[in-house]
Amino acid sequence: MNAETLGELFYAMLRIRLVEERIAELYAEQEMRCPVHLCIGQEAVAVGVCANLSPDDYVLSGHRSHGHYLAKGGNLKTMLAELYGKVTGCAQGKGGSMHLVDLAVGFLGAAPIVGSTIPIAVGAAFGSALRGERRVAVAFFGEGATEEGIFHESLNFAAMKKLPVVFVCENNLYSVYSPLSVRQPAERDLMAIAAGHGVAAERGDGNDVAVVYALAGEAAARARQGGGPTLLELTTYRWREHCGPLYDNDLGYRSEAEFEGWRQRCPVAHAERTLGARGALDEAEIARMHAAIAAEIDDAVAFAKTSPFPKPSALLEHVYAQ
Amino acid sequence: MTRELGFAQAINEALDLCLANDPAVYVVGLGVPDPKGIFGTTLGLQQKYGSDRVMDMPTSEGGMTGVAIGSALVGMRPIMTHQRVDFALLAIEQIVNQAAKWHYMFGGKMRVPLVIRMIVGRGWGQGPQHSQSLQAWFAHVPGLKVVMPATPYDAKGLLIASVEDDSPVIFIEHRWLHNIVGHVPEGLYRVPIGEARVVREGRDLTIVAMSYMTLEALRAAELLRADGVEAEIVDVRTVRPLDEALILASVRKTGRAVALDTSWKTAGFAAEIVARIAEEVFADLKAPPRRAALPECPTPTTPALANRYYPRAADIAAAARELLGVAPDGALAVPATGLPLDVPDPSFTGPF
Amino acid sequence: MTRELGFAQAINEALDLCLANDPAVYVVGLGVPDPKGIFGTTLGLQQKYGSDRVMDMPTSEGGMTGVAIGSALVGMRPIMTHQRVDFALLAIEQIVNQAAKWHYMFGGKMRVPLVIRMIVGRGWGQGPQHSQSLQAWFAHVPGLKVVMPATPYDAKGLLIASVEDDSPVIFIEHRWLHNIVGHVPEGLYRVPIGEARVVREGRDLTIVAMSYMTLEALRAAELLRADGVEAEIVDVRTVRPLDEALILASVRKTGRAVALDTSWKTAGFAAEIVARIAEEVFADLKAPPRRAALPECPTPTTPALANRYYPRAADIAAAARELLGVAPDGALAVPATGLPLDVPDPSFTGPF
Amino acid sequence: MNAETLGELFYAMLRIRLVEERIAELYAEQEMRCPVHLCIGQEAVAVGVCANLSPDDYVLSGHRSHGHYLAKGGNLKTMLAELYGKVTGCAQGKGGSMHLVDLAVGFLGAAPIVGSTIPIAVGAAFGSALRGERRVAVAFFGEGATEEGIFHESLNFAAMKKLPVVFVCENNLYSVYSPLSVRQPAERDLMAIAAGHGVAAERGDGNDVAVVYALAGEAAARARQGGGPTLLELTTYRWREHCGPLYDNDLGYRSEAEFEGWRQRCPVAHAERTLGARGALDEAEIARMHAAIAAEIDDAVAFAKTSPFPKPSALLEHVYAQ
């Protein structure tokens, strides 16, 4: 991967990281009154995949969607306003963190019922195919979602119709506090499952943005060329607690050593080191990036905090589409 | 000369016109293009519109509902069909958590113009898993509209209105209506969602019905006429949103009400009807409102029990008489049709 | 000295005793053995009973309900837990078509002694997909029993009774009850399924409540007392089978009724309460019955709207006053607790 | 396979065939008033699998369950009485053809919601394992059921817990009138899907009872030895209409030539020919078998027809278990 591209991906990851960290910091103020599922540690997947998409392409996500939304180009201000429950939020405050949307960039929506947006992504691809377009639709989901039957139903239909879908499984080893061992057989092989459904499949290091970028690039190209769906299983790790701003290794459901191992493999630091080693990034440039992002976030937070709440009359609006 | 059409043909005509009228419309469901065409309702459509717009699907009710939703989000207008309400239970999560809520929870940015046809089975041993009628469930969920036509005219007009609606609509068809015949105009017309209809005027009591129960109510009204009782019948046509005004106006006039249901009594839709009447026109009531609905058990398969399971005209008339304190005319108390009770008409010879 | 216990601990104790008492009992659900133990309700159980009897599961709500049913058919007594009612929608087919009907549809040969705990979310942005309360759905289905305790005492006693019941029981817990504290005896005891309870006596009106709404009703009763109104509160405890006799006796006495619900008004369980009252004690009513339930929209996430979404004591009191034609005591009309309205108590700091 | 065993399997298949044919014949009388899904043409699967089971083992089935019920040893009289809606039926008339049960022989039940009894079979195995037994549980289902997500959820859990389950997929190419091509991708490979879930899998000729017997024997042995679940995909063909007693090739959803090809491969005739060629069965013996089975069926039909219907009071019985 050339340095320029990697630099862009690095910036996008850093931006997500800093946004998430700021959310974590501000959460203690108890003004964001909705569950948040931070993606710190998993930024490379969002960024590496979405860098292959245009605003015309569709993305759907689940409960852990901040990174996907931002990587797809979603508006930061309206995202934060949404977390603050403000009427300027991307869903007018009605959705909160678990229901981000930005139609201008093809982020079609997120919803936290595990697995349930996967067929919706397939449907977006199907609908666009029926309309004679060939937009790619990406479904982001965790490995927990692959335990839901609807995931398999989605593979079957997408393969049968050769739809331009990329299924992106972020395998971060846990569903809340539950390790893989209590949820899937040791012999489980998602690649074989996908292949059995006639879906192309690749596995890769989800903490290496160049790897993700390359795999997603192939998948997107396949989709655009009418080659049908691809499943990507990208291994990664969530750093913070499942839901909320804190660290929770003290709970004992995973070991400090495991966590440390993954922290060493930080996707943002990894890209930073690679760029540094290639002489494409220096301390000053990094500082400038941090500053620029911080300023952008300050702005967005101010926007969110100063925005008004929805009016009481909004309660009964939007129940039915007019 | 009025044009007569069967209920199933009326549905078929509505689908045909909607497909012709809007390229965004497509029809999907298990067996949609098959030789029997969902009790005749989808016959000929695939031949006319092709297999992209009139299509079969895998036995994946949940996933395919998600697919339909996703396609609706990007501009399509899917019409999905389930041969039984009971099969749609596999799609409840998508219908209730997703389709019903995307418009609201994204602050109006998204819309899901999706119609889901669900057929209520009855008779010939349909039994516990092929006969449920869960309109009360869907009616409980803000964001869904729920339609239950009783006549071919309404079936066509309401289906067209449903397809043109920008919100998800649950369109419930009763299997025993597919063969009935009635006046159906040609061309596109709409019956507005949310409007009930007085199908028979009367002064003595109001029978609130929906779907197939409207026919039983009409038969009951004939029985009651023999006792000198004139029943007014309101066919709600849409159970959500409910045309409360029309129902209440009728009950204000008659002072008495019996609410019918194709489903169980407890927490069924008739409870909502009775509750609204009690809350809103209490002072006008001359007697307590009543319900006639299914007894509190799953559907038995054997005809010996199924025949005692479904309330019929005679039961409705009995409830009405009780309300009015009228003694039944013995001769008419039990209508002797000679027909088996587990089929809608003699042409119906099973198995479905 | 009465023994005090939290609601979550009461559930925990019931599970513990049931596991100890019967080797056929096992507990299964997403997160059951995790460090937070389903809001504390399953803490310590896996350590005590092992991972065969207290187990996590894949994110496969539908399939795992089938597994639980199958195990129940061969003699086990599973207790399944869902952290939100909303997740259980993926298992509706198994619950309603299968669990509810196997006893009936096999002529009594099979039984499904299965308890499914479902938690109703509320507050702190739980929003449209984490806060539904679908007791009306389950109450509509013959073959299911549906339990909704309001106190730690009832939570324990009803859970034990549910586990010992040979039919499937839906056990609905409100998230805002988990921290409340009350008297809970040690050891195994049962609160019979199907018995309501008068939790406060009064002469002027009957408030029919369930689960968390019972607490709001008690607060409302305090507000009403200031106006000289004495409300009787009936906690139904079980919504199916319903203790109709107790409710009707109370309304016969007071002549007025307000039915509360944790869910939407239309086709909600309060409709059933109002319908039974209207049908059965019409002559004793001094005023039309009323409902206080959720407005007809999905749950908004923003606290600005969520705070206007849930009926509170003041709203219930207002409904009661309207019924009685009593003017409110201005000072008390809006209780100024200073608390944010989207948490049950100050100890609750999100995110769940 | 030795001639004695094959002879027994032949008899069991012939018996199912003749029962189904009798049902088809009597159905026109309109006294059996419930949907019937006949398994004529598919008898080898039911018989070959169940011959490996003891009455302690469990079987669950779907809408097309007559053959499974009879092969497992289910009572013919109570089955026919059930179809006639009589109180002497195996479900007291409340279930009908789609809800057969015979606990005495481990036929735990059948239900016609496609796929829904698959996890119930897994649960029966799981429950029996929890109780320290090691009974085998068999789930019979059509290939349509493999399109339901719950099928995949069932594989995952059975594999994770290494449960003694045999998943038997009768692939008869159609779901009602819908061919595989409109339901599954051409590349679909059920063996790979099973393998991906960690479930052993074999494919075989479902019209050759010896093949079925051997495959199911291995699967049952694996289950009993703690080797976990197996999926068998057995190719076969339904002769009559999907639901009801008639032939329906005239509808045009499948060709007469296809049907004829499969009729040539009749599982009953195939076993008969094999036995004949080996000198283990002659005309006279075949005639004796037909006569014996016909007499048994006459008896069962008479029992069903003369049995009483349930009393009206039965309507509200059995809603709740006491």
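We call the chains A, B, C and D, going by the order they appear; numbering starts again at 1 in every chain.
Throughout what follows, contacts are C-beta pairs under 8 Å (C-beta built on N, C-alpha and C of every residue); 3 or more make two chains touch, one makes a residue touch a chain.
Model, not experiment: these values are computed from the prediction.
Q: Moving step by step between touching chains, how few steps can get you from chain A to chain C?
A: Tracing touching chains, the least step count from chain A to chain C comes to 1.
Q: Take the average of all CA coordinates in chain B, do the same for chain C, and state the distance between these two points in whole angstrom.
A: About 31 Å separates the centre of chain B from that of chain C.
Q: Distance-wise, how many Å sit between the C-alpha centres of chain A and chain B, to the nearest whole number?
A: So the centroids are 42 Å from each other.
Q: Just how far, in Å, is the C-alpha centre of chain D from the one of chain B?
A: 36
Q: Mind pulling the residue numbers of chain A that touch at least two other chains?
A: 89, 91, 93-95, 99, 111, 113, 147-150, 153, 156, 160, 183-184, 318-319
Q: Residues touching two or more other chains, restricted to chain B: which are they?
A: In chain B, 57-58, 60, 62-63, 86, 90, 93, 97, 104-105, 127-129, 142-143, 296-298, 300-301 touch at least two other chains.
Q: For this assembly, give the contact graph shape among line, ring, star, complete and other.
A: Shape of the chain contacts: complete, all pairs touching.
Q: Given the complex with chain C, which residues does chain B contribute to the contact?
A: Touch residues, chain B against chain C: 62, 86, 89-90, 92-93, 96-97, 100-101, 104-105, 127-129, 132, 134, 136-137, 139-143, 240, 242, 263-264, 266-272, 274-275, 277-280, 282-283, 285, 287-291, 296-298, 300-301.
Q: Tell me, which parts of chain D touch chain B in their complex?
A: 27, 30, 33-36, 85-86, 89, 91, 93-99, 111-115, 144-145, 147-150, 175-178, 182-184, 243-244, 251-253, 309-310, 312, 314-316, 318-319
Q: Report the residues of chain B in contact with chain D in the complex, numbered from low to high.
A: 30-31, 34-36, 55-63, 86-87, 90, 124-130, 295-298, 300-305, 308-309, 340, 342, 349-352
Q: Chain C touches which residues of chain D in the complex?
A: 58, 60, 89-95, 99, 101, 103, 108-109, 111, 113, 116-128, 130-131, 135, 137, 149-150, 153-154, 156-157, 160, 317-322
Q: Write out the stretch or stretches of chain C touching chain D in their complex.
A: Contact set of chain C toward chain D: 24, 26, 52-53, 57-58, 60, 62-76, 93-94, 97-98, 102-113, 142-143, 145, 166-167.
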